[in-house]
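Working notes, structure below.
Each chain carries a letter (A, B and C) given by its place in the written order, and its residues are counted from 1.
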Amino acid sequence: MKTHGDNFFEDFQLGRKIAHASPRTLTEGDAALYGALTGSRFILQASAPFARRLGYHTRPLDDFLVFNTVFGQSVADISLNAVANLGYAEGRFVKPVHAGETLSAISEIIGLRETSRGDSGVVYVRTDGLNERGEQVLTYIRWVLVKKRDAKSPAPVAHVPELVGTVSADDLALPHHVDFGVFFDTAQSGSPLLWDDYAIGDRIDHNDGVAVEEAEHMTATRLYRNTARVHFDPQAGGFGKRLVYGGHILSLARALSFNGLANAVQILAINNGRHVAPVFAGDMLFAWSEVLDKKPLRKDCGALRLRLITAKNRACGNFPDKDVHGKYPDNIVLDFDYWALMPRG
Amino acid sequence: MKTHGDNFFEDFQLGRKIAHASPRTLTEGDAALYGALTGSRFILQASAPFARRLGYHTRPLDDFLVFNTVFGQSVADISLNAVANLGYAEGRFVKPVHAGETLSAISEIIGLRETSRGDSGVVYVRTDGLNERGEQVLTYIRWVLVKKRDAKSPAPVAHVPELVGTVSADDLALPHHVDFGVFFDTAQSGSPLLWDDYAIGDRIDHNDGVAVEEAEHMTATRLYRNTARVHFDPQAGGFGKRLVYGGHILSLARALSFNGLANAVQILAINNGRHVAPVFAGDMLFAWSEVLDKKPLRKDCGALRLRLITAKNRACGNFPDKDVHGKYPDNIVLDFDYWALMPRG
Amino acid sequence: MKTHGDNFFEDFQLGRKIAHASPRTLTEGDAALYGALTGSRFILQASAPFARRLGYHTRPLDDFLVFNTVFGQSVADISLNAVANLGYAEGRFVKPVHAGETLSAISEIIGLRETSRGDSGVVYVRTDGLNERGEQVLTYIRWVLVKKRDAKSPAPVAHVPELVGTVSADDLALPHHVDFGVFFDTAQSGSPLLWDDYAIGDRIDHNDGVAVEEAEHMTATRLYRNTARVHFDPQAGGFGKRLVYGGHILSLARALSFNGLANAVQILAINNGRHVAPVFAGDMLFAWSEVLDKKPLRKDCGALRLRLITAKNRACGNFPDKDVHGKYPDNIVLDFDYWALMPRG
């Protein structure tokens, strides 16, 4: 049997570490494609001279291009047989990544729990992205529902890792040698609003909408080298149609958030996130954000803790949200809690 | 209200200047994507050694990639609420742009005229594209029909700028340090026909056809960072389906014109242009050209004034055109008058 | 008549040589797009540091990106009016190609044979791809069924070239200055299986599947600058829908073969190949391989002769194949026999 075997729930052992294939050099070509698939307009990733004037080596790659590239490398080992990607936590973007750098990914199984039905289980995994010097650029936890090969195989001892709901502001990695105070042209960046202009409780309708068609989400998914069959084969999932890869929805929602959060130039951490409902080709996505918290980080910048709520086929002017029982309206597809870096005035 | 507000007709004042977000570094990645979305085969943009042998720094980016990138930056401020992009005039490509350069865009409102129905108005705007050294690389006028926020708001004093119908050949910007006479291999360029071989009145059927599907035109529109909702949301325009962005039709028509005008290596000026009818996903585009004028520019090159007529879902072997009353056949979608640079024999 | 005339069967003469337009500089942008359209994960093309550690200048471009780029340049002259691309033979990948290099293509007509119906003929052509220094990087023969302009025009003297069914292992071009023995990290490359682990007769189900939609195959076809109308115009072929370009199916099948042949890092030769049935948008592709032969080449690497069989809309776990009469099951679309380079343990 020379084919890379699919891993089923039984194949994961607590503490197992996996170095994933294939490390991959990201280029200006990948960045261009990411831009054209998402429409992202954040100035730091858009303009090399702007980034350099702030002190960056050059413009960094979009954070979710990095995230999805690392995630994509882990799929063949972790989630080829995933039924659903359940959630994210404790993510930190540790170092900016630039075109020309090569990313590899390693994962550790940090939790296992069979479902009550006994035909599948939840796998908790921490994945690290590394650059070619072996430096960590990204780390995050995700948990995923994976089928069992045989429903009758015995359940492993359940181990659910204790997850911190929010990354501490003290753990956020700030870009060194960068000074947002010297030069930050808000006419170029697209909004006069800086960190001091946002208040906890602010709700922001991102107004714009974006559609996703079959060729677009499949091209994005292959850009990330994510080979999970549910994204390509209409018969592979339970929907009779292809499921849009959740990480690409993150990318699209982030791009939409430019309108209202144009100066949120970098993602610093993923506190937690959930894909609430599936997205399919033809859906229009809209998004709104809520400011959950804010922390000054340095004189020149601060962190905003933001919730990015994404809906399909309905505008977000009235801020659709879960009800008091925690139940989401049908058309909410993503609830994502993260820390963003924003310059101060 | 933290969201970037849509501008309606009432929001434009004559003489107002707008610096657009986000300046953007164009790369070999953007060029590759442009090539794959349009199929453009012009030698000067295709082959770096060819361009360098002529005296170019390296191959320049496609002129309509530059045009659409500058145009795209202006959309969020000018035409997010556009009903239709009515026309272009007085466009000049001033300097070649190469991969690695960063383009920004500024616009000035140069005319306003409320429509007779009173629910919208025409905005005339001159937009300049600048490189990172602040040098003008492109300038053009367009006019666009924009909705009023409130049909009852008073009409501004009408001011319609006087538009020159044709850019004077004396105003065309030629590439310095370039000599087409030393080396111009017509086997490589795809046609033996040079400037001297074309005569005023020549009509050229470009023969090839190209289709455009949803994912393609939306990817192109995002490549240009054009966020106008009519191109993404089937409900946003009056058609019940997505409108293909006009600038991408320009790009596709230009690429089709290779077959018959392979040596028209650069666009020098836009005399005037009109999108005559909308294009939707699934349409096949065909094009033909008419030589309107020709001017020798230097010993090694001349300018051809060309009309590029583009049709959907019908071939152009019989040169479909407007009738004596100026009425176009239903399937004509673009009538575009421009100056192109062509080497001499 | 200024348009590039379509060549019909009558227009080809035995021995005629054609230098094709337009030579084209391939970039990291083209490589990124190729990756996103195919999902290819072979380590040598994915990771620049990995390639450099082996002794390569940097990571080479995917072999079928090179093949399809050269093929695409030949289409306007050879196969714009092709009814079908019948087969390949005697292909050799002579030199690796890297981003930044410029490829041109020349062809020679090496055979002609009118079909028995008399309305078309088979054209045999050898095409060479050259880099900007004029060095051959690729050579292959293909034969293609081309319509006659006039069914009544006289048949040329039939000349069918004698084709070698298999490229001799002695003629395979190995990468100089490369040593697979010093460093070849099979955790990174995606499989522990090296040349010595494969035996003649091995059959490998590649397990994964990939879909192809309209926008994807048309974007790929334009990436290759292949302008044959059957790939764009649903009315141009005999199918009432667009035919997916065969070279892109090669690319997709090669990418699928990663799962099971991850260490087959380079294609060395094309022995022979046939597109057995057409592929259309919406089809899911699956593939399996058979090891036909194996030859040690050096201490550090060997060649595997592989048959890559590709099916649409059916998985390949039971290795669907032609029957004893040479007849293929309906859903087989490609039967491709090639030599691949694989490191030794």
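Rule of thumb we're sticking to: contacts are C-beta pairs under 8 Å (C-beta built on N, C-alpha and C of every residue); 3 or more make two chains touch, one makes a residue touch a chain.
Here the structure is a predicted model, which is why all the values come from computation and not from measurement.
Excluding chain B leaves the other chains joined by touching in one piece. Here chain A and chain B face each other with different sets of residues for the most part; under half of the interface numbers are shared between them. Here the spacing of chain A and chain B, counted between their Cα centres, is 36 Å.
Counting only residues that touch two or more partner chains, chain A has 27-30, 32-33, 213-216, 219.
The touching residues of chain B, when paired with chain A in their complex, are 2-4, 6, 19, 21-25, 27-30, 32-33, 76, 100, 102, 104, 132, 213-216, 218-220, 222-223, 225, 227, 229, 232-233, 242. Interface of chain A with chain B (complex): residues 27-33, 35-39, 41-43, 46-50, 59, 187-191, 193, 197-198, 202, 204-211, 213-216, 219, 259-262, 284.
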